[in-house]
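Heads up, the next two complexes both have chain A, just with different partners, chain B and then chain C.
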Partner chain A sequence: MKQGERGMANLTADVLFVQFMNGLFIAAGIYLVASGLSLVFGVLGILNFAHGSFYMYGAFFVFALIGYKFGGFWPALLIAPAIVVILGITTEILFLRPIYKADPLYQLLLTYGLVLMFGDLVKLIWGADNQSVARPPGLEGTIPILGALFPSYQMFVLLPIGILTMLALWLLLNHTQIGNVVRAATQDREMVGALGVNVRLLYTGVFAVGAFLGGLGGAVLAPMGALYPGMDFDIIIEVFLVVVLGGLGSMAGTALGALIYGELKSLGILFVPDLESLFIYVLMVIVLLTRPQGLLGKRVETSR
Partner chain B sequence: MASLQDSIREAAVVPRRLAAARDPMIWAFLAALAVLFWLPELVLHMGWAKFWIQFATQVFIWSLFAVSFNLLMGYAGMVSFGQAAYLGIGGYTAGLLLKNIAGLSFWVGLVAAPVGGALAALIIGYFCVRRTHIYFAILTLAFGHIVYLIAFKWYSFTGGDNGLIGIPVPDWITEPTFANYYKFVLVICLAAIYLLWRIVNSPFGKTLTAIRENPERADFVGVPVDRYRLYAFVLVGAFSGLAGALIMANERSVNPDLAHWTQSTQVLLMTLLGGVYTFFGPVVGALLLRTMDTDITQNYPEIWQLFLGGVLVLILFALPGGVMGFIQERDVSSGDDQATRTAKMLRLFRRKSWMFFGGALFFTTFFGLLHSPGAWLLAKGREFAPFALTSWGIVPGALLQLVVGAAVLWLLLRRADRFNRIDGLLLLALPVAALALHVHLGTPLSGLLIVLLWVVFTLYSLAQPEFRLAYRLGRAAADGG
Partner chain C sequence: MRVRFLAYVLVPVVALAALFAAQSPSAEPKPIKIGLLYSLSGMAAVYTKGTVIGHQIAAEEINAAGGLLGGRKIEYVIRDDKLKPGIAVEEFRRMVTRDDVNFVMGVISSGVALAVSEVAKEMKVLFVDTIAQTAALTEEQGHDYVVRLNTNSVILGRTAALAAAKGPWKNYYFIGPDYEWGHRVNADFWEYLQTKKPGVSKMGDLWPKLGERDFSAHITAILNAKPEAVFSSLWGGDLIAFIKQANAYGFFDKVQFVSTGAGDLDILEPLGGEMPNGILATFLYTFDYLPTKKEQNEKFIEEFKKRAGYLPKSGDIIGYVATYVMAEAIKKAGSTDSAKLGAALRGSRYETLLGDITVRDFDGQGTFPYNTGVTYSDPKYPFKRLKDVTRANAEDVLQSKEEIEKIRAEYKKKGG
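And then the complex of A and B:
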């Protein structure tokens, strides 16, 4: 074999590997945010538009906490989602509790109103300019793996947190008593209430976990891009795509949807740069036409 | 065997058989046209700012957009979150044609816009109408975002985030007072809204409502549900495209912001605010929202979305039927006799009057504050004089309204069940007086609009058959039935 051809082949394999890993990074990031939305939808039946706002607040709280010299990035990574949880619980009690029995579209509209309010509050507090968060010390550079260079932050923070979250959610939902109740609630909310579970508390708890995941996603992704008012809306559309693709309310579907989303996005760049974001739409259209309930979703007549 | 479709046809035969000239609504539209046509002359004659001519133009374009959107949301029950896409496509279709083909007639661009909007709606709708409710909302949102992204990123074709600038339009549009363009928009929008009125009252419109109420049943009786949904979606896409072209010509430029999701939010809010299940609600909503936009962004542009969100949450909690729905809402059950119905209406009238009073107080105060920030105790730039109300600040003014207004309203409402004609007239006179007072005080337009709606509400209530009868017969009607 000639030298040149082998170089070509190696290059292609290398590039594919690099893009595959990049796809994993994207998938881990979007999964963190999307899992919270999917969980909340599965239990509460509310498609929470304001989930993108939780993501945005997670990122901006990290920015603010670092600005206050509050021990740097790592404490901020823990504290920011905690503050978002408080925000989420307040939202749930004030706005969502009164409308659980309303038409799902009204619930969607209500959370849409919350998005508008949360968005302007960010502008009022932090201004309309782009902000940025520096990567934590020691993780600014890249690390070589199998001959390719990868950003260490994505490799050592984003990906592990994404995988750990997935494992933790799986364990929590499938191997604990609380998980049993939550899974039962996704099947039949009224029956769970009739069996003596405090449904109010359950809803608030699940919403808090959802908000935590959204805030965590924002906090983890904060050092990887610009922070700006409007990032909430940009992510919520992609999160909706991922969740609809995988099947609304299905946690495994969300993980699969995130993986497909990330890989399509990063491998798509190789073939059709600039239009890579269209791939996911095309795929979503195909899925919806052939399998309307999403890849791993259960067929529910009322969800039509 | 009478199927649902037959009965729908049956019900719609009456308006179909009537010629347009015999539809009473056409006279209302012609009257509106005759009156509103002279608005620019009034503005110029009174020496008001020319801005108001452009403002009215915008209100009409948005009314058209919102009324057509309501065909989808209110009549067909399809809540789209990405309707601005068709506004943008209409604007870009007309703009690109006019800019790239030299010497092309403006009219061709204007006709191409709804065609472009309909084509886009046909393609996108083909996928969207298969799902309903939340899924439909997400899909329209996602596709709307694609349209925005294409407009934003495809520099060589759409000009990217700069948009298309300097689109050639005829000289009569660019005439400095914008009076010509206002009249042009007025005629087109009234014609289009009338067309929509005919559509929602046609067999097609009734079928859409049947689908909204019970898709399975409509399906069983042979209505091709998805196809009807698609028709509605395409139709609304066409009207939205027309509105987009009108906006384009107004500004002589197109910007990706036209297709941005915030525009979809606005039309959704206009419809909800005005009243989803009423035909003219969206017009009221468009007027209210545009006015509030103008009043707020004048001094505080950064809180506009916050305000919109607050209004949306407030509507969902307190006014699910919007303003028009609130005015028209009645509490009637079929078994009620005349006296019960009158008593129920009176109770409702009292409650709503208080709500209007509170709303008017809040809005006039809130917008007064936005208008002249910091004028808490004394009006700015005026010598204080105890008897000149215009020199009072926001807080004393609001307190005066609250105390005097509430006292008068309480007295009048207490006497309302005596059904004296004088009391009825006084009930109407109160909001009229409040309106006159606020005009005198120079309250921002948004506050005035709420008071005006209060007047409309009182007039509407007093004109209801139950009240008319009770007032004609005096108190006996309420007692004896």
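And then the complex of A and C:
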């Protein structure tokens, strides 16, 4: 296409660098949300549709806390995910505990029901209009790096929090006692229970961490977009895509999936502006056909 | 036995009949029943809640003033189309056959509007479109039983083009949501701009999906092409997200942004101070920009705020205006019969809160004026306002009768 050629003509190292960094920003944002979903699936075996709701509540709690003059953006960034954790624990105890042994189809239906319930609740509390959270003072503008301009907020808040979260999860899972148990649970849930680990507590704890990650993602991304009931639906498809691409339940896979997603989207716009989401879906099809468990996922044993 | 049975049955029947006979002379005249078909649940409920309130305020005012056609009151039958053409069609049929409505107003989705319009044609019941703005409804797929009391995508795109043509910008980049609406408005803008400003060129199109969250890659791709101006038909949360993220790249210092709908309150209010100054933005209605009917406008705003809790937006006032236009048409037709009403509506002029309009006789499109302005900070408001506002006369930008006939003939040839 004509536009494609023009886009190519302008391709310089500068431009590639800018789009690459943009890809990292997109990856960091989607990773924050997707990591929680992947973790919960890995340990609890539940594909939680309502994970997008935690993201939405993280964002709306930031909006509400700032509205109530609760010290501005930074305290809200800390408090909002904490409130989402309470929401997550309550959800796990009330709704998920009774259905762990049920058919996966029922679990899907239940979490989908939760999505609708949480969505209506947002409408009741905050109304159905679009809302917006302003970027924190000092981070509204751009910062020059190697001659290119980047948004300060993405550079100093989104990207560092994304990377720190990834490191923290890696340390937690690979270098702590709790992490050993959690990883063991992803391998064989029944065995962990038989070894005397309090599985109930473990499940609640992991679900709480998952909810925290979703809430944190919503809180961090809040100043970058519009807040509205339905933002949970808009992100959940991308989140599923990233998690399935990387391998359901694999934390490294989720990070890799997010990186590929962000870069393909960002660089794809340069090469084929008319069909920007082409690459990611083509890749998805190839991966699902050749490696259904995802890039870094383990083959799921189907004998139950 | 038989006699007693007859008595049991007959006595109440006769009694009831007597009761009705006694009551009917003193009863109120038959109400005028209007069907309102909107997406009242799900995503679009954001926009339709206020529209229905607008309809209701107008009906109450008209009823309080004595109703229509010798004291007949307006009564609404309100149904949810769930944003689905299939459900909308079913509800339309049910409203006509079971609820006995005289005609139907409503519909937010363009896809739903086109589907409903087909049943309206088949059942010969008037459908008055109030929100959906795809030009197809009154252009190639128009017929005698459909009219639109709102602007359409042609008015939007071409009004923006008129304003943009006055600026010095020649190289344009385009962005719009990737579905019927976005493609249509962008094409309308671009085709018209070329006729109004020779020498303009198009540098590229971007079509992010509806509900896109992250525009950083789009923003830098546009900046990389170094256009002088960018035209956008993004709306709602997408437009808000785009503006916020583009701000962080200094986007609005580098290019002139021309944006349909960015001057409407549902964008200006949530963005607050984050809306940049100097954007060329279009809008249908603002609470204080009205050359005529100041008093009625203020009364409407006050009543609307009391019920909804916020200032009326473009989509809210359209319900109010549409009911008033229909009331005028009913008076003129002296009837609620769809065919007579449709004929009376078309070709007549109406003084509305949104300006004086005509419902064009050959396509049923209302000639609602559409506005363009430039965003600026007004210390009196917590959000940006518009200055240098110009109002385009829809009659001047809409296609002529000959053009519409040509579009329809071509559509027929394609098998439509």
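In the analysis below, the second predicted complex is superposed on the first by the 288 of 304 C-alpha atoms of A that agree within 3 Å, B and C clash if a C-alpha of one lies under 4 Å from a C-alpha of the other, contacts with A are read in each partner's own complex, and residues count from 1 in each chain.
Criterion: contacts are C-beta pairs under 8 Å (C-beta built on N, C-alpha and C of every residue); 3 or more make two chains touch, one makes a residue touch a chain.
Predicted model, so just to flag it, every value in this text is computed and none were measured.
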item: Chain A as common anchor, with chain B and chain C clashing or fitting; value: clash
item: Contacts of A:D129 with chain B and chain C, given as first, second, both or neither; value: second
item: Contacts of A:S266 with chain B and chain C, given as first, second, both or neither; value: second
item: A:Y112 touches, of chain B and chain C: first, second, both or neither?; value: first
item: Greater chain A contact set [chain C / chain B]; value: C
item: Which superposed partner A:H51 touches (first chain B, second chain C, both, neither); value: neither
item: Which of chain B and chain C A:S277 touches, first, second, both or neither; value: both
item: Touched partner set for A:R189, first chain B, second chain C, both or neither; value: neither
item: A:V244 touches, of chain B and chain C: first, second, both or neither?; value: first
item: Contacts of A:L288 with chain B and chain C, given as first, second, both or neither; value: first
item: Partner chain(s) touched by A:Q19 [first = chain B, second = chain C, both, neither]; value: second
item: Part of chain B, among the options 20-28, 146-154, 236-244 or 362-370, whose backbone runs into chain C after overlay; value: 146-154
item: Footprint overlap on chain A, comparing chain B with chain C; value: 123, 128, 233, 274, 277
item: Chain A to chain B touching residues, read off their complex; value: 47, 95, 98-99, 102, 104-106, 108-110, 112-121, 123-124, 128, 233, 237, 240-241, 244, 248, 274, 277-278, 281, 284-285, 288-289, 292, 303-304
item: List of chain C residues in touch with chain A within their complex; value: 43, 45-46, 49, 203-209, 211, 213-214, 216-218, 220-221, 224-225, 236-238, 240-241, 244-245, 247-250, 266-267, 270-274, 310
item: Complex interface listing, chain A residues touching chain C; value: 3, 6-7, 10, 15, 18-19, 22-23, 25-26, 29, 123, 128-132, 134-135, 140-142, 149-154, 221, 223-231, 233-235, 238, 265-270, 273-274, 276-277
item: Chain A-facing residues of chain B, complex; value: 79, 81, 127, 130-135, 137-139, 141-143, 145-146, 149, 153, 261, 265, 268, 272, 302-306, 308-313, 316-317, 320
